[in-house]
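In the two assemblies presented below, chain A is common to both, partnered first by chain B and then by chain C.
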Partner chain A sequence: MSAPTTTAPAASAPPAGRRRGAGPAAPPRGRRRTPLLLLLPAAVVLIPLVAYPIYQLGLLSVLDFGQAQASGGVPTRFVGFDNYRGILTDQQFWTVLAQTVGFAAFCVVATLVVGAALAVLLTRIGRTARLVLTTASMAAWAAPAMTGSTVWSFLFDTNLGLVNDVLVKLGLSGFHEYNWFYDKWTAFLIVGAVVVWHSYPFVMVTLYAGINAIPAEILEAASLDGANTWTTFRRVTAPMLRPILTIVVIQSVIWDFKVFTQIYVMTTGGGIAGQNLVLNVYAYQKAFASSQYGLGAAIGVIMLLILVIPTALYIRTLRRTGNEL
Partner chain B sequence: MNTRSRRRLAADTTAYLVAVVAAFPIFWMVLSAFKPKGEVQSLHPKPWTTHPTLESFRQVLSVDGFGRYFLNSVVIALAVVVLSGVVVFLAAVAVTRFRFRFRTTVMVMFLIAQMIPVEALTIPLFFMFRDAGRFAPGIGLNTLASLILVQLAFSLPFGIWMMRGFVAAVPVSIEEAAQIDGASRTRILWRILLPLVAPGLAATSVFSFIAAWNDFVFAKTFIISATQNQTLPSALLVFFKPDENDWGGIMAASTLMTLPVLVFFVAVQRKLVSGLAGAVKD
Partner chain C sequence: MRLIRWTATAAALTVGCIALSACSPGTALPAGDKAADDRTGTLQVWLYNEAGNAPKEAVVAKAVTEFQASHQGVTVNVSYIDTDAAARAAKMKGAFNDPSSAPDLVEFGNTDLPGYVAAGGLAEIGAELDGWSSKGDLDPAIAKTAVLDGKTYGLPWWVGVRALYYRTDLFTEAGLAAPASYDELVAATKAVHAQHPDTFGIAVGGKYTFGALPFVWDAGGDIATKSGDKYTAAIASAESQAGVKRYTDLFGADGCPAQQCADLTGGKTVDLFAAGKAAMAILPNSSRSKVDAGPAKGKYAVVPLPGSKAGSIAPAFAGGNNLGVMKAAKHRTLAVEFAELLAGPANQQAMYDAMGNLPTLKSVNTAVAAKDAFLKPFTDTIAAGTRFVPMDQGWAQIDAQAVVPTLLQQVVTGKADVAKASGDAAQQINTAFAAH
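Coming up: the complex of A and B.
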C-alpha cells in the first residue's frame, strides 16, 4: 500500500547495541528450542495466512477457475500454462504492463525530485519554517490513501471542484466543467500527484536525516580545501548519501509498482474502458469483477515475479551497507 | 539586507508555500465537512465558511451508518495492535537474541513478505476464508474476525523487522544480571525486557494500527453480504459516488477516517524521525 506503513529504513532502525560476535550469551539450558518457541506464534499466523496463499495463488493460476468452479458446480480442471498463454497473448495485458511501468517510473522520479529538493531546503531554513514544513508533510504522509483519493477527486471535480473554478477565474475558460478523469493521461497525472503527495514525505525525512548525519568536520574540510557548494555536493554529500538513496529508490519502485487504492478509487476501478488500469488493479478486476479467478491469479504471479528483481536488489543493498539481516 | 539573509528569507518563504500546498487538501477536506450543504454545492467554492455546521457529520453518522463502521474499524485496529504487539515482540526477541539455523533465511522471508502485492493475495484468501467459514462460521467471510486475522498476518513482517532494532538497542548485560540474580527466562522476557522495549513497541503498533485502519481491499472483498460488518474505508467506497455530488457527506466521512490516524502519527512523529536518523547514522 502506498500508505506510509512500510518504511524500510526505519525497519533497519536503532543501531545501538550491535550484536557482539556470535551473539549474546544465552543460557545453555533449552537454548536451541527457545528461539523456535518464540517464533512459533508468528509462524502459526504467517504460514497459513501468507505462505499458503502464495502457494494457492500459484495453484489457481494453472487451473481453469471461473464463476462455475467458484460456486462448486463444475469441478476444477488443470490447464497448465493456458492462463499464462491467454494473458501473454492478450494485447490489453501488454498495454497495462507498459502503463504500470510508465506510471511507476513517473511517480518514482517525481517523488524523488520533490523529496530530495525539500530535504535540501530543510537544511537551509529557520527552525519555525522547518517545523511548519515537516508538520504539513507529516499530515500528507499520514492521510490514508483512501481519503487522499476522495479529497483530490473533490478538488478536481468537474462541476464543484476548486481547481476548475480557480483556473477559469484565471482566464483559462477551457477548464469550465473540464473532466480531468475523461482523458487517460490527465487522469494518470492526477492519480500520480496523489501518490507523490503521499510518498514524498518519506523521501524528504529520510534524506534529510541522511544529510544531517554527515559529520560537520568533513564539510568544513571540504570548504577549507576551497570546494564550492556544487563541488561539495557532488564530491562529498552525494557519495555519502548513496547507500540511503539506493534504498529509497528501490523502496519507491516497489511501492509505486503496486499502487492500488488511488487508481481503484479515483478512476472507479481502472478508468473508462479500463484505460487507467495498472497490473494490481487488473488482477483484482479480472478475478472479482469478471470472475476469471485463474487469470487473475496468473497476473498476480507475474507481478510477484517482476517484484522479485527490486526485492533482490534491496536485500543486496542492505547487506552491502552493513545491515545485518 | 545582505545576500545571505535575503537567501534565507527566500528559502523560508518557499518552505511556507510548500507547506501550504501540502496541507491544503487536508484543510479543504475538513473545511468542506463543516460547510453547510448549500456552500459545498456552490459552483464557486470559497476557502472559508461563515456558518460552520455539523450537519454533514450528523448525516453520515446517523443516516448512513458510519457510526457503526467507525466502531468496526476501531475494533479491528485495536485487536490487530494487541495481537500483533505480542507476536512481534516474541519473534523480535528470537531473531535478535539468538543465533539459530535458518535465522537469516527467516529474516529474508520477513523482508520478502513486505514486498508482496497483498491485493493479488486477496484471490486465494477469499476462497480460503469462504471454505473456512463452512467449518468455523466465526472466522468465515463477512466476519470482523477474518479481517483481524489477515491484517494481523500482514502487519507482522514489517513489525518484526522494525522491532528488531528496538530489542537490539537494549544492552544484554541487563538480562545477564537478572539471570545471575536467578530470574527465569520467562520472567526476564515479560518483566524486564518488555518494559524496556515498550516505547519501541508503541511506535511499531502505530504502523500496524494505521495499516489495519486504512485497509479497504480486504474489507471490500470479504464483507459481501453482512453490511453491518463494513469498515470505514469500504463503506466510504460504497458511499463515494462523484456523480451524486454529496461531497459534504463524503468529506465528513473522510475527516472521520483521517483524524485518528493523524493524531497517532503526530504522537509518534519524533520517535519515527529519530529512528530514521539512527538508521542512517549507523
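Coming up: the complex of A and C.
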C-alpha cells in the first residue's frame, strides 16, 4: 500500500530541466537535492520491503511455479499470461469478485452508519455514558480478528450457541439447532456484523474528533441566524466533516475489500461449497493451499491493481486536505 | 514522455531478466546433489505427533535403543512433527526447499506421496526394499500406496480403514439387525429416527470425502481412471453419480439433516456418534477411544460398511502412513534399515498395542485380529479389497481445492443436482491433472 506513497511526491516534481530558468522559483542546486535526501531513509526501508516483493510478485505471476519448482524438482517455466488467463476465464473468480465487492460495500456502509450514529451519540451523552461507550468500542477495536471471529462463532454455534439458546427460550422454537452458516446470506450477514464490530470504533473516534473540532462560534453563528438542527447539520457540520468522511470511507473500502480472517475462521475457509468466498480467501484456497505460487501471485497482482484505485483516491484526498505526505 | 520512458525501462528490465534469468525466484539446488550415504553419525527422523503420542514414543524409543546397539557410532534423533495438514505441509516444504536441514527418514500420509515425489523430496528405495525379509508379507493393495509410476518411494507403516459403527441399544429397540446392504442402512435410519426424532439416523458430513468415496467405489465409479500415464476424471460417470446420489441421499430428515451436516468433516461425525447424537457413523478403527470416552460407550458394535448388494462390503479407502527416505538424506542406507526395523513385524505389533493402528503386514494383521474381536470388521474390510485416491500429484491440488467436498455440498444443499455438480467437479479434476 505504501509503494504509491513514495512515488507520488517524486512524480509531482516536474522535470528539472524545464523548470530551470522558466521562473523565479528555480531553487539552487543544493536545495533541490534536499527533498531527495530526505526521502532516502524511507526509500531504504520501502524499496527492499515493498518494491522488491512487488517485483517478485509480478515475476512469479508469469511463471509456472509450484512446490516442485520451489524445491528444485522441476525447472521453472515462463508461461506468459497463462496464469492470468486461467483466473479471468474461471467463472468462480467473477462470482467471488462480485461477492467481494458486494460484501465490502455492505460492510463499508454499515460501518459508517454505525460509526457515525455513535459518534453523534457521543457528543450528546454524559461523561459516564461516554466513558462506557468508548471503553466498549475500544475493546472491540483492540480484539484481534482471530479472537473476535472465534468468540462470535461460539455465540452463533448451531448446537451450543448462546444466540440460538436465547431465541428458543423466547419461544422461537424454529431456532432450535438452527445453523446460521447454512444459508449464504445469513452467513454473510453474521460475518459482516463481525467486520463492522471490528472496524466501527475507528470511524466513531475519527468522526467524534472531527465533530468536536468544529469551532463552537460557527455553530453559534448558525443558531443566531436561525438555523435549526437539521439545517445546521446539512449546511455546517456535514461540509466541515466531508474531508474526514472521505478518508474514513476510502480506508474502510480498502480494509473491507481485504477481509480474510473473519471469513476464513467463521465459515471454515469459505462456507458450504465455497458460497462465502471473498477474493483474499479465494486466492488462498485456489493457490497457496495447493502450492500454486504462480497462480496465487497472479491473483495478488489483480487485487493490487483493483486496490490501487481507492488508494490513489485516498492519497489525492489526503493531499487536497493539506495532510502533506 | 515520462510514461514512455518508464515503460521502456520496465521492458528493458524484463528483457534483461529473461535473458539472464538471474532474477528468477529462489529455487533450491536439486536435492539429489546433496545426498550421501554415511554409515555413522546422527540419523535424523521425523515422525507424526499424534493425539496421545506417549505410547508411540515409547515404542519408537525402544526401537532406537535396539538400532543404536546394533549400529556402532550411530545416534538416532527422532523429532515429532505437527500432524495438522497445513502445519506438516509447511514443515515438509521447508525440508524440500532447504535440503541441508532435511531429515533422513520421514513419516508421511500416503496421499501426500505424489506431491512429495514431484517436489523431488523422496528417494526411490525399491531396490533396497527388495532385500527386506518382510516384503512378501505386505498387503498388496496397501503396498501399492507407496508406489508411483512403478517406483517405490516408501514403506507402508500402518493403515486405518473405516467401517460402520452402529448403536446396538437403538437397533435392538427398533428390532433391527446390523445393516447388510445400503437399502437396509437407509431403512435403519428411518426406523431409528421415527422412534427418536432427536437422533440422527447416521452421521455423515459434506466435507467427509473418505466417508463418501466407498459409496462411489461400490457403485462402480471412481474419482478418476488412468489410461496410459494420464488420469481422466470419472466422477461424472453414471456409476459415480449413482454412488454420489446414494451418499448425499443420507442427508435427509431421517439421516443427517443438511442444515446440520452439510459442513461436517469426518472428525465432526466422530463427535456426533460419540455424543450419542447419531445411531450410525462411518468411522476409522482409531476412533474407538474417542467413542468410548462418550455416552455411546458399551452401546455400539461395528460391521463393515455394506455395499448396495446384500452381503457385500463397500470398498474402503486405504488411509495410512508410510516411512520414506528423503532424497537429501545423508544416511541413506541407515534410514532404510531403521524404516525396516520400525515397520518390521515386532514393531508393527507393538505399534498396534500402543496406538491401535492397523498393521500393514498380513501376518501381524491376522495376529491382532485374532486377539481383538473389535478389529474383525476392519480386517475383513481390508481383506475385501481397499481403494486409493489417484496416484498423481494432481490429487494434492484436487484435495487442497476441496473439489469432492464442494461436489457433495452442492448436492446436499440443493444448489445443484448430481449431474451438474459432478460435471463441474470432473472439469476441475481434469484441469488439475492437466496442470501436472
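Keep in mind that, in the parts below, the second predicted complex is superposed on the first by the 273 of 325 C-alpha atoms of A that agree within 3 Å, B and C clash if a C-alpha of one lies under 4 Å from a C-alpha of the other, contacts with A are read in each partner's own complex, and residues count from 1 in each chain.
Definition applied: a residue touches a chain if its C-beta (ideal position, glycine included) is under 8 Å from a C-beta of that chain, and two chains touch if they have at least 3 such contacts.
Treat the numbers as computed from the prediction; the structure is a model and nothing was measured.
Asks: After the superposition on A, what does A:50 contact: first (chain B), second (chain C), both or neither?
Replies: First partner only, chain B.
Asks: Please work out whether A:60 is in contact with chain B alone, chain C alone, both, or neither, and reply first, second, both or neither.
Replies: Once the two structures are laid over each other on A, A:60 reaches both partners.
Asks: Could you tell me if A:272 is touching chain B, chain C, both of them or neither one (first, second, both, neither)?
Replies: Once the two structures are laid over each other on A, A:272 reaches chain C alone.
Asks: Counting only touches as set out at the top, which of chain B and chain C does A:70 meet: first, second, both, neither?
Replies: Both partners, chain B and chain C.
Asks: For A:182, is the partner it touches chain B (first), chain C (second), both, or none of the two (neither)?
Replies: Second partner only, chain C.
Asks: Between chain B and chain C, pick out the one touching the greater number of residues of chain A.
Replies: B
Asks: Just checking: does A:129 make contact with chain B only, chain C only, both, or neither of them? Give me first, second, both or neither.
Replies: first
Asks: Where does A:139 make contact in the superposed view: on chain B (first), on chain C (second), on both, or on neither?
Replies: A:139 contacts chain B only, not chain C.
Asks: Of the two partner chains, chain B (first) and chain C (second), which one does A:216 touch, if any: first, second, both, or neither?
Replies: Neither partner.
Asks: What is the contact status of A:305 with respect to chain B (first) and chain C (second): first, second, both, or neither?
Replies: So A:305 meets neither chain B nor chain C here.
Asks: Show which residues of chain A both chain B and chain C reach, each in its own complex.
Replies: 11, 15, 56, 59-60, 70, 268
Asks: Residues of chain A touching chain B in their complex?
Replies: Chain A reaches chain B through residues 1, 3-20, 22-27, 30-32, 34-36, 38-39, 41-42, 45-46, 49-50, 52-54, 56-57, 59-60, 70, 118, 121-122, 124-126, 129-130, 132-133, 135-148, 150-155, 157, 159-160, 162, 165, 197, 205-206, 209-210, 212-213, 244, 254, 258, 260-261, 264-265, 268, 280-281, 283-284, 287-288, 293, 296-297, 299-301, 303-304, 307, 310-311, 314-315, 318, 322-323, 325.
Asks: Which residues, counting only chain A, touch chain C once they are in their complex?
Replies: That would be residues 11, 15, 56, 59-60, 63, 65, 67-74, 76, 78, 158, 177-179, 181-182, 268-269, 271-275, 285-286, 289-292 of chain A.
Asks: In the complex formed with chain A, which residues of chain C make contact?
Replies: Against chain A, the touching part of chain C is residues 2, 17-18, 23-31, 86, 89, 93, 96-97, 115, 118-121, 206, 258-260, 262-263, 393, 396-397, 399-402, 405-406, 409-410, 413, 415, 435.
Asks: Going by the contact rule at the top, pick out the chain B residues touching chain A in the complex.
Replies: So the residues of chain B touching chain A come out as 7-8, 11-12, 14-16, 18-20, 22-23, 25-26, 28-29, 32, 40-45, 47, 86-88, 90-91, 93-100, 103-104, 106-108, 111-128, 149-150, 152-154, 156-158, 160-162, 164-166, 168-172, 175-176, 179, 185, 200, 207, 210-211, 213-217, 221, 233, 236-237, 240, 242, 245, 247, 250-251, 254-255, 257-258, 261-262, 264-266, 269, 272-273, 275-282.
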